[in-house]
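Here come two complexes built around chain A, the first alongside chain B, the second alongside chain C.
Moving on, here comes the complex of A and B:
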């Protein structure tokens, strides 16, 4: 028999509202990963790259003892497109559409991270309206990403209906993006020194309707999921990854916050308009799959709060920096004024002027911390760009996350840390 | 013509008709499953072929028949070909013992007696359990012979799953057997004559629920669809099957759904009998059909609503919850039947 130790032992140890200490968490983790007697006969299962729940083309070789995973060997790189190398042959403006293709589920967040880094390198000041619009778009991304995550995570646990419900609700966010940027998936909306367009006329009204609606939907999701016994049995005490483990494997974002660490770059190193709005960092303490779900649901609510505050306080003025050396001119001015036309030619045919130096800037994207490193020798193109994207670190932590768990939990845990392979392999 | 010849003729006609009805019904059950799944998921489901897409299943069958029949090189070819039939045939056989109208009594058709059951024999319920057990061989062998690790895991899961739920399923049926005093389905339906308050789901509510949950596992449907858990094992034991061989598995799954709904209706909901005496003018087969439809809808509802259990959780449910419950039900039923019986 593969299963003799009660898997529910770790579930019982979990008391709502009580913070477990690190030692307790470690003990729970050890207990949940020590199932039954091992026969010692291993079977190697090649999971992926084409498998329904590897979220793209992730491949893992699993050594199985019955249904228990003894060892995992992840294989990352099936979707490698050489984005970082491509960046070396493009001007800073031309790199922005490439960043869309990193984490294509939250494309604006990727644009934003890259632009923040370039602005730090060039010393560009973003006007207040640009910062606020960036914050709104970024938080819309976060909502869309978490809603989609929920659908896929729940589908990995075996119910397909819920997936369709969440996709229907994500559609409202995508409609807003379509209105705002003209694209539903790859936005390319951020620009060096601001954003590409101002908010459309009707945006304020429609955005408020959506962010009033989304918390109601989140309450509905929680009503469906939180009181579902099977969901509890499948997620509580599963895939425990303590704060120490997170530090060791550089796991960030909701998975880290579910381990009780209130680390959120929006609060710790504010950028855009995050230091001017009020919000709470969602933290949970049990470090398991269930708490990662709770953290994300809280984050959706906080995102709605942030967007509402941004819409209330949206300042007037330009949304793109008036900085001829580094920013594109407004398109409507290009055919009307000579300086704008010259600026446009300069940026399209030559590129923005960057000083010599190197810079690293990290921001909090929906999946975790995304860092951009740029080294510049001067001129319009970077000599080296490095993206440290959260999915890569989450993907490589899979052995530590899953060894000792069962194969059915592998998919649940893999989904719970939120991996997108475009982001992972770049 | 002598009575024996006529009965033989009736038997052949009934068997042919029943097969035809099952095949047609299954095609529509598949259509309705897809349509309901669509409605549950705010989609529309199939729409193209026939009115509201109702002929979709026939189109699918044509497509599957025209597909290449692939057998993996490393597979155990003989077992690989045998496995679908081991699932397909038992599913059909159970239909033979399911009464769909009155049995015995006066001659009712051209001066001959027409029994509304194909095989009226005493161990009908045992046949149902036996065929359920045989069908698992099909799954295990399909998993084994495919020579694929996903299939193997699916087959092993099916085997372990069967051991966990089949015992509870058998024990929950013993309650019905004790009350009706027979394992003949015809007798069990006769025992439930006289309106819905004499149906067995009222005294056997615990046993009935245990049986329902166990049938979910038998049917490989959502909370317990471990053997073909898509997100974990790609398609479980079906991974290497393609074309009409895969279609046979799919077909057998829905025949099983039909049969199990029929068994639940017969054991706990009065079979072909009307719920009220005033409704007796509606013929028995129609009542059975309606009850089966409602039950099939409930099975679909469950499938598209809830999550999947982990494999060891199904086993602990089978051994720690269902088995004690069905045993308690058995003991209480035995005591009550002994004291208040007759």
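Moving on, here comes the complex of A and C:
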């Protein structure tokens, strides 16, 4: 069965530097999904849950017709830990470490999302320094996540060495996090009303060194990947998912921005210090795997810009709200002053006071939009918490993304929407 | 601080326009309209569920093109209708958000939203396994996050936090539960 190489019509149809219309994208999508010879004979392939390209314990049952994927049945839940049930039995402070374990590759973003929701519920105002430190940590986390994503994505496409390069660069960010929070992966750094610690003394110097270095590395990645013909063949015109599809399947983040939608909650519903810094929303228009890569590379550069601005303008003052009813006291005060000690006892043994009501707060985490729903009946514990995590919906959208595509493209497409199973299964 | 921080936050103008359109169209069928924390919430009867949500999706004032999340909830203190389904909608055209809720009796079904927003599929499967809320017309209502032989609905308030339910993976039950 010597099938001639599929004419990569979709690749040639892509005109660089021109925005395709929605009709063109749809036509490209349809053409891309008519590649490959079909034999009419179905074979079922079970991919995962321990397949290296499934980024965790994601299992997909693929129905294959020749090399064409006819149907995908995603199976998730192998990493379910019942976080939402646990939240109902813990105080708001105690939930923060649980959120680290949702998306363990961008742990601070998860802390941040939860704290933003709690602050909305309790009406806590975060002091400016706290907001800036949060922005710095969140953007560091975005850089680390995207670099990690790139390494794994390219490794899925068969390049082992590149993975080591990106992992080395991610270490610099993790070193910064270690310096800032004391932990490399699960930081539990955000607090209700601010952050846990102030910036260490030489953080400014070391952080600037890293964010000067990272854009150079991104240029290096692009030198290796962006103009690599093999990478082009594997990704251009593959896995096209238009803006309409993204809305329907709630695919958010870089995958949505690669479809030409300038949607970024950092701009649209600003939180932390994002309305005080200047940055561009990274947008690309071809809605394929290649453009998702371009969006992420642009985002790394923008993140470096944001961090630099935050370091330049870092305001003084407290980094944690002086709000006795909702925030923990500073550790250094607890053993020295009676009110701080009382506040500490109150928060550790009782918990912060939340009013009755329900809130929903969504923020832009590296993988997409993460929402937190909290229903409170008053008191120190939430009554119902729901984490609306991007990977959950991205994992669900895999059938819509992959059906009709070739089996060899499955790993490329699956990786391009960035699914982390801790985030997906909660 | 009893009202929370955002009680006085105003709603965006586009959302108020959508709000007027909905109230004109449905009137008293919106059982309750809550404005708190800068968010707008409608409570509707389960019978109006699909109609209200499809109106919200299709009306030009609303234009809620994305379902941000659908979740189940359990309120045991509300004895006649202990279950709830909460939906959060987003409009990319206007940039506003809305919450719609409905209350359900034990065993009462709710029409699926997968026809309006396909992304409701996993959410409804999760709400079904965690709370036992039946979604009528759902294409694939199976357990999603727990094992196939798991018994009970773990996010209900009367479900214990610790204990041994299920525990073994039974392949023979696959697809039947």
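Heads up, the rule we're going with is that the second predicted complex is superposed on the first by the 417 of 426 C-alpha atoms of A that agree within 3 Å, B and C clash if a C-alpha of one lies under 4 Å from a C-alpha of the other, contacts with A are read in each partner's own complex, and residues count from 1 in each chain.
Keep in mind that, in the parts below, a contact is a pair of C-beta atoms (placed from the backbone, for glycine too) under 8 Å apart; a residue touches a chain by one contact, two chains touch by 3 or more.
Here the structure is a predicted model, which means the values were calculated and not measured.
**Student:** Clash or fit: chain B and chain C on chain A?
**Tutor:** fit
**Student:** In the overlaid three-chain picture, which partner chain does A:25 touch, first (chain B) or second (chain C), both, or neither?
**Tutor:** Neither chain B nor chain C is touched by A:25.
**Student:** Is A:123 touching the first partner chain B, the second partner chain C, both, or neither of them?
**Tutor:** Touch status of A:123: second partner only.
**Student:** In the overlaid three-chain picture, which partner chain does A:283 touch, first (chain B) or second (chain C), both, or neither?
**Tutor:** In the superposition, A:283 contacts neither chain B nor chain C.
**Student:** Is A:420 touching the first partner chain B, the second partner chain C, both, or neither of them?
**Tutor:** neither
**Student:** Does chain B (first) or chain C (second) touch A:321, or do both, or does neither?
**Tutor:** neither
**Student:** Is A:157 touching anything from chain B or chain C once the two structures are fitted on A? First, second, both or neither.
**Tutor:** Only chain B; A:157 stays clear of chain C.
**Student:** Output check: A:370 vs chain B and chain C. Expected answer is one of first, second, both, neither. What do you get?
**Tutor:** Neither partner.
**Student:** Determine, under the contact definition given at the top, whether A:218 touches first (chain B), second (chain C), both, or neither.
**Tutor:** A:218: touches no partner chain.
**Student:** In whole Å, what is the nearest CA distance you get between chain B and chain C after the fit?
**Tutor:** 19
**Student:** Quick check on the output: what are the common chain A residues between the chain B footprint and the chain C footprint?
**Tutor:** none
**Student:** For the complex, give me every residue of chain C touching chain A.
**Tutor:** My answer: residues 1-6, 36-37, 39, 41, 65-69, 71, 73-74, 86, 88, 92, 95, 97, 99, 117-119, 121-122, 143-147, 154-155, 157, 159, 161.
**Student:** Using the touch definition up top, name the residues of chain A that touch chain B in the complex.
**Tutor:** 2-3, 6-8, 35, 43-46, 51-53, 64, 67, 154-161, 163-165, 168, 228, 230-231, 233-234, 406-411
**Student:** So in the complex, the part of chain B that touches chain A is made up of which residues?
**Tutor:** 37, 40-43, 149-150, 152-153, 222-223, 225-226, 229-234, 304-313, 315-316
**Student:** Name, in rising order, each residue of chain A that touches chain C in their complex.
**Tutor:** Interface residues on chain A, with respect to chain C: 76-77, 80, 82, 84-86, 88-89, 119-125, 247-250, 261, 263, 268-269, 325, 353, 355, 357-360, 362, 369, 371, 373, 375, 384, 386, 388, 392-393, 395-397, 400, 425-426.
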